[in-house]
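Chain lettering (A, B, C, D and E) follows the sequence in which the chains are written, and residue indices restart at 1 in each chain.
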């Protein structure tokens, strides 16, 4: 039993969902994703029992490619995030009228497969394949099941695809270069490489092109709001909950260990990139008229902070980034679910046309409120732990970083509460508003449970990722490159 | 060696079957015959031998390329029956010409003497002139044939001039001897002029900038099946031959020469991709895409010594994806006046399977994993980096980004637009061909080691 | 054993919250209220038990519940510390909390969302307990943010009114500004001392100092000073000090019990609690102490001046609260922590009583809050009137009521430390006396100025409301005894936490008696002016539009809100609009621009391909010539 | 100046002149006739090299077959008029430039190449009699020879395919 | 008889052929009449053929002359096919002006 079983299950889920037909596709997808979650849980248990769960098969001798899947804590944490969010995302679509459901759920499962693969792959080549594979399903999901004016949607989605594809091609070129140096794509070999500083800088920038667009950091974010808005909510959840973590995870896994010198010399610049994202995202979110766009910009602000944390290159920054990735994943899925519920009931995305929902849907209001609070990182929520650690790491570098990054807690509260006020509060809405259905309620409840559990007891995750973080730290900071 | 014999014989048999009034069996018979030829060819893998006074040289290069040519020919010829349903009386001629063309192609990659090369390229070209003009009631087809013929024979003249100068320098047409002589110090400059002229001729054949102008017009005007042959089989034949010429004669390429190739490569990809963006006709778009791919393939020439496998892999991936794409295009535009993109509107809903096949083919051409196109492109990148030409890699990366624009234009049309006309059942043969081609393409992706090991 | 009790202490309100959230609606008409009251009462009982215990043993109880998380070299435990300070706070938090819960049962009697109200109140008590009892800064921070959240929820309790929601939001944001300061302060402390536990920080500082040379020592201390300053910013947010005080008056949008509990008695004193908790840090930073003292003094006078002219009964009380909090910070800044604590306690009693009294009035008038429309209420509401009078006397510093002792101590300390601050404090006190009695006269005396309809319904509030009033009035009256000048029980009680006093106790000499006399006279002057103006002359404050000059400026709170709006809110919104409409479009256009340019090139390129064989040949030959001549030029051919 | 050289120059002059006239003459028939002359002069060059067989074949194939084909087509299409419109001036200018450029560049390259020093090989062995040519063609070059037949076959099929009139076609 | 090239020089032949070839190129570009264009191409091929024979003599080697046979075969086949295409164009357009072939462009 190793990590590959999860991938196989997810892939099988994609196939089965497709084969089970429109009527049963959602149930099949849910079932298989839950099974995959169970499998990854078992794998995690094994890992905690000090068993090796990573695998490596030789795919091709020359070029030297391995199907190597990592079984370390960092990857498993991200795997758990993926497999845990996947059922939630699928659950959240229950009760929505989805055309051609078998393709829809199949694509979701396939995307889960690709994203899980990205998090697990230890061979740069395989990693890249998964990285690209994750792009295709979301392209179709956003394109075919999205909403809004056909032309606009097409424009936004194509731009998204080309833009992200453009970034990742530079990463591909970097991998090609690295291979010529190392003769292998294995992470362990690449991280061992003793590259000159100039080489590292180029490689760092090539990786950065891929990650900055995927995450996205400003000013590479222009695809984000439009796609989040146009995509169906399940797609938006996949994008914001998991996919943008691919970029952040990759910074930790690939960019920093392979080009540590460049990382060190550019550190300040890239922290500023992240912090600029925090400020910019927050400020733009203030005056957004569109609910999903607002959440998109909030996401931009949050990931900016995570990226800034990752680029601090210290232990807190890295582990805080991981913690926040996971917590943000859950929180943003919850928020988008809330947005979806509202949009589904009121048939509008304009905040100005909402309001007065609280008196009609008290349960929903409470749940939404908790998600808002998690998003603004109230202590005892998981998000707080991550945000606090990241801010501390920033503080560790420079007090100003922490202060600027910390503005997120003010601005974040401002735009989130403003949004909440305009969307939920006020005189009772004239349109009828049905309170949460069982599936929505269940999704919320799970997210809330996770948020509070890890908010109060993040130790399991910390313990899980600590060795990986330690290893990455070692790779970044040790002088001669050893492993 | 036997490959050439079998194929030529097959062509003659096709003509004979016509006489025997056995038209219906021609295509299946040819396909079976080609399968035999394929088996025979692959059996030669690992062999390294010259035949008939070194006229034909069999080696891994020739076997690998011949095999993929035959595979492509099988796929393309099997679509003939439906494609030529209106002029079924001439089916034997069409099939025979294609088979002869294949013979020319095989001769081009397994020549051991420049005369074989020249004859091979002429057989190929003349067959294509004929096929391009074969829809003779159609002015566009005539025009395509004429343009191709004029420019093609002009290029033939230049190739001939090149061969002539090489002969003048070496006094022989034998590749092996030339190769030996070319490493000697006392080498007349004619040899290099000859190489350059040959290069120009071959650049024309692969449709690289600035010798590409014929391609879009000819592709657009020709009957669709011919276009598919030109853009897949003919293109990779030309590129393989070009490669074989340069390596076979052991031409010591100078840096300046490599820079010429590099510039041509970058210019081809850039121009091909940018021009393809604004095309409305699918065949024309694929023509420009083919120009761009020629540019990519030229990257393999930057370090000739060990790029045969990379080149093969790329060529095969490209051609298989091309065949898959064209099979779908042929089906879609079966009864249409032209191959305009709007014919594809709503295709995703009408025929999900075929739409998926076309999507896969386009994704492969765009270089997106897990299709072979991705591995091929990656192999080329690595090769170019190894050769020390980072510039071309960066240009290729940027171009790949542009290329997504037009490949996705087609995909968008299929999936997001509403259909213009009612659903009709796809012809099974096209589905089968597209599926086989794409499966082969995918299968290649499972063996990325072919990039390095095959040849 | 301790662990069980402590969990009981903490979790009782939390359980109350959860039960009310899920079952409150089904728990009968007053079920939710009684449940909530009971939950807090349990906490009060446990507190009382520990309070009695610590009075005997004087040893604090410390319990580690579990490890929370770690960062840097710091590990943070969910630890609970019950020492003298926290127990003192717990006493009045749970005590007053119980009373106010009880009061609310009747007060919120008609609201359809009662159960939520009580749930929030319980949650508030829970977070307040956490804030007070946490044994490290981060646990305090949970409570700190938690009470802020509850404050937000309760201010915006009547969510259908967007003005109230705005007020709630404003409170939360303002608090968050302070919280950022708190965070930064924590970061600095964590960075310098590698711990956040109160118990360990002083030792860590001492240890560090012992390792360092002279110049580094100064640096270390100045870093700590910055931490202290940052923490003080946090305190400013929570305790409504300049410049972050504007949320508190707006917070009066919430139901009156909330104002009494959160915005007068407990939550707003969290800042004082924190500074007292971290007194060792502030002691190291005299500069910061000066800042605190000045900010406190200025806040007290500014708030008092605004309070002079307000017409909304709750607004007056709110500004009074800000002013009193300013006085407490003045004491803190002067290093007299126990004095500040003393005033916190007495203030909690009388201000809670005042708020509840005003609530009683508002209740009777069906929501009318404008004093210009009240009057003569003592006829109908004698108990409210008497309790209100007692509290007013207390806050005005008239002996023997509690306020006299605590306020006098602050002023005495100020007199010894800094005469200017003393004068400011005294003036603020006089003003307090004036506006409190202005309030009293306008509300309870002369003729009723409301509508006939209202007059018809006037009645004394039910027992559930008057009972807490009476209890609090008694406490307000006698609360001063806990720190009777010269024989302070409080100072002795707090000595283990606050350490040996550098100021020592004020010896009651001539100066002290003189100061007391001055203070009392000052209070009486204030009362006298109010008497002359509103009772004798029977003035009624003018309508809003008739105000002029200074009066108008004060009535509009020095236009501070408008200034903030102009300085911060407007620019940031403008920036946001600019980003949204201009920059986003531009950036997006830039990316699309690539596509557009490529497409345009493609369109131009199509013209090149004009179909002419001649042209194709021309380019063919030109290409050939170019290649050949390039190679020729390079002497390759 | 040997006789051979003089003959060479004369032949060359004829070749180039007729070639030019082929291109320049407006009437296609005249062009064809000039082309025949040109081919004859090339055959003269072959004779100069003592390649009689080749010269004969050349005359038969080019002047005999190809030219007849041309003329036949011209007649068929009734093109023996001078009705061709001149290309635009720019195009003609471009053609001229191309001509000059090609000439200059190629000539420059060849002039620049290493001159051949010393006498040319003269083995005295017969290498171009019919017998030798036959041997080479049918032994060494057997495969290309056969392959050339494929080429011609393709050409034949093609020509038939393209120009055979079908029953359905009108006219 | 000896090698003719001893008296003429291979360079002269190369120059002759280059000029002849260029005339062919020129003709292709200069004329619109497809027939004449074909003729120009024949001139190009002839120039090369002549050079082949010259080189054949230069090397005293028969292969060059053998190649000329192939070249002639190719020329013949090309002309046949080319004229066939021309005929079908003429049938459709009633013109053999290659500048009229501008349907395909862009």
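Heads up, the rule we're going with is that a residue touches a chain if its C-beta (ideal position, glycine included) is under 8 Å from a C-beta of that chain, and two chains touch if they have at least 3 such contacts.
Just so we're on the same page, UniProt names per chain: A = NADH-quinone oxidoreductase subunit M; B = NADH-quinone oxidoreductase subunit N; C = NADH-quinone oxidoreductase subunit L; D = NADH-quinone oxidoreductase subunit J; E = NADH-quinone oxidoreductase subunit K.
All values derive from a computational prediction rather than experimental measurement.
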item: Those chains which touch chain D and also touch chain C; value: B, E
item: Fewest hops from chain A to chain E - one hop per pair of touching chains; value: 2
item: Most centrally placed chain - per-chain CA mean versus overall CA mean; value: A
item: Chain separated most widely from chain D, comparing mean CA positions; value: C
item: Busiest interface, counted in C-beta pairs; value: D-E
item: Furthest chain, CA centroid comparison against chain B; value: C
item: Computed distance of Cα centres, chain E from chain C, in Å; value: 98
item: Chain centre separation (chain A, chain B; CA means) in Å; value: 43
item: Length of the line joining the C-alpha centres of chain A and chain C, rounded to whole Å; value: 36
item: Mean-CA-position distance for chain E and chain D (Å); value: 5
item: Contacts with two or more other chains, residues of chain B listed in rising order; value: 115, 119, 122, 126, 129-130, 133, 136-137, 145-147, 150, 154, 189, 193, 216-217, 405
item: Where chain E touches two or more other chains, by residue; value: 10, 21, 24-25, 28-29, 32, 54, 58-59, 61, 63, 66, 70, 74, 77-78, 81, 84-86, 88, 91, 98-99, 101, 103-106
item: Residues within chain A bordering two or more other chains; value: 162
item: Contacting chain pairs - touch in the sense defined above; value: A-B, A-C, B-C, B-D, B-E, C-D, C-E, D-E
item: Chain D-facing residues of chain B, complex; value: 8, 11-12, 15, 51-53, 55-56, 90, 93-94, 96-97, 100-101, 103-104, 107, 113, 115-116, 119-120, 122-123, 126-127, 129-130, 133-134, 136-137, 145, 188-190, 193
item: Parts of chain E lying in touch with chain B, wherever the complex brings them together; value: 10, 21, 24-25, 28, 34, 37, 41, 44-45, 47-48, 51-52, 54-55, 58-59, 61, 63-64, 66-67, 70-71, 74, 77-78, 81-82, 84-86, 88-89, 91-93, 98, 101, 103-106
item: Sites on chain C touched by chain D in the complex; value: 614, 618, 621-622, 624-625, 628-629, 632, 637
item: Residues of chain A defined as touching chain C within the complex; value: 159, 162-163, 219, 221-223, 225-226, 280, 283-288, 315-316, 320, 356, 358-359, 366, 373, 378-380, 385, 388-389, 391-393, 395-396, 399, 402-403, 406-407, 409-410, 413-414, 417-418, 421, 424-428, 456-459, 462
item: Residue numbers on chain B that touch chain C, as the complex places them; value: 146-147, 150-151, 154-155, 158, 189, 192-193, 196-197, 199-200, 204, 209-211, 213-214, 216-217, 254, 256-257, 260, 271, 274-278, 402, 405
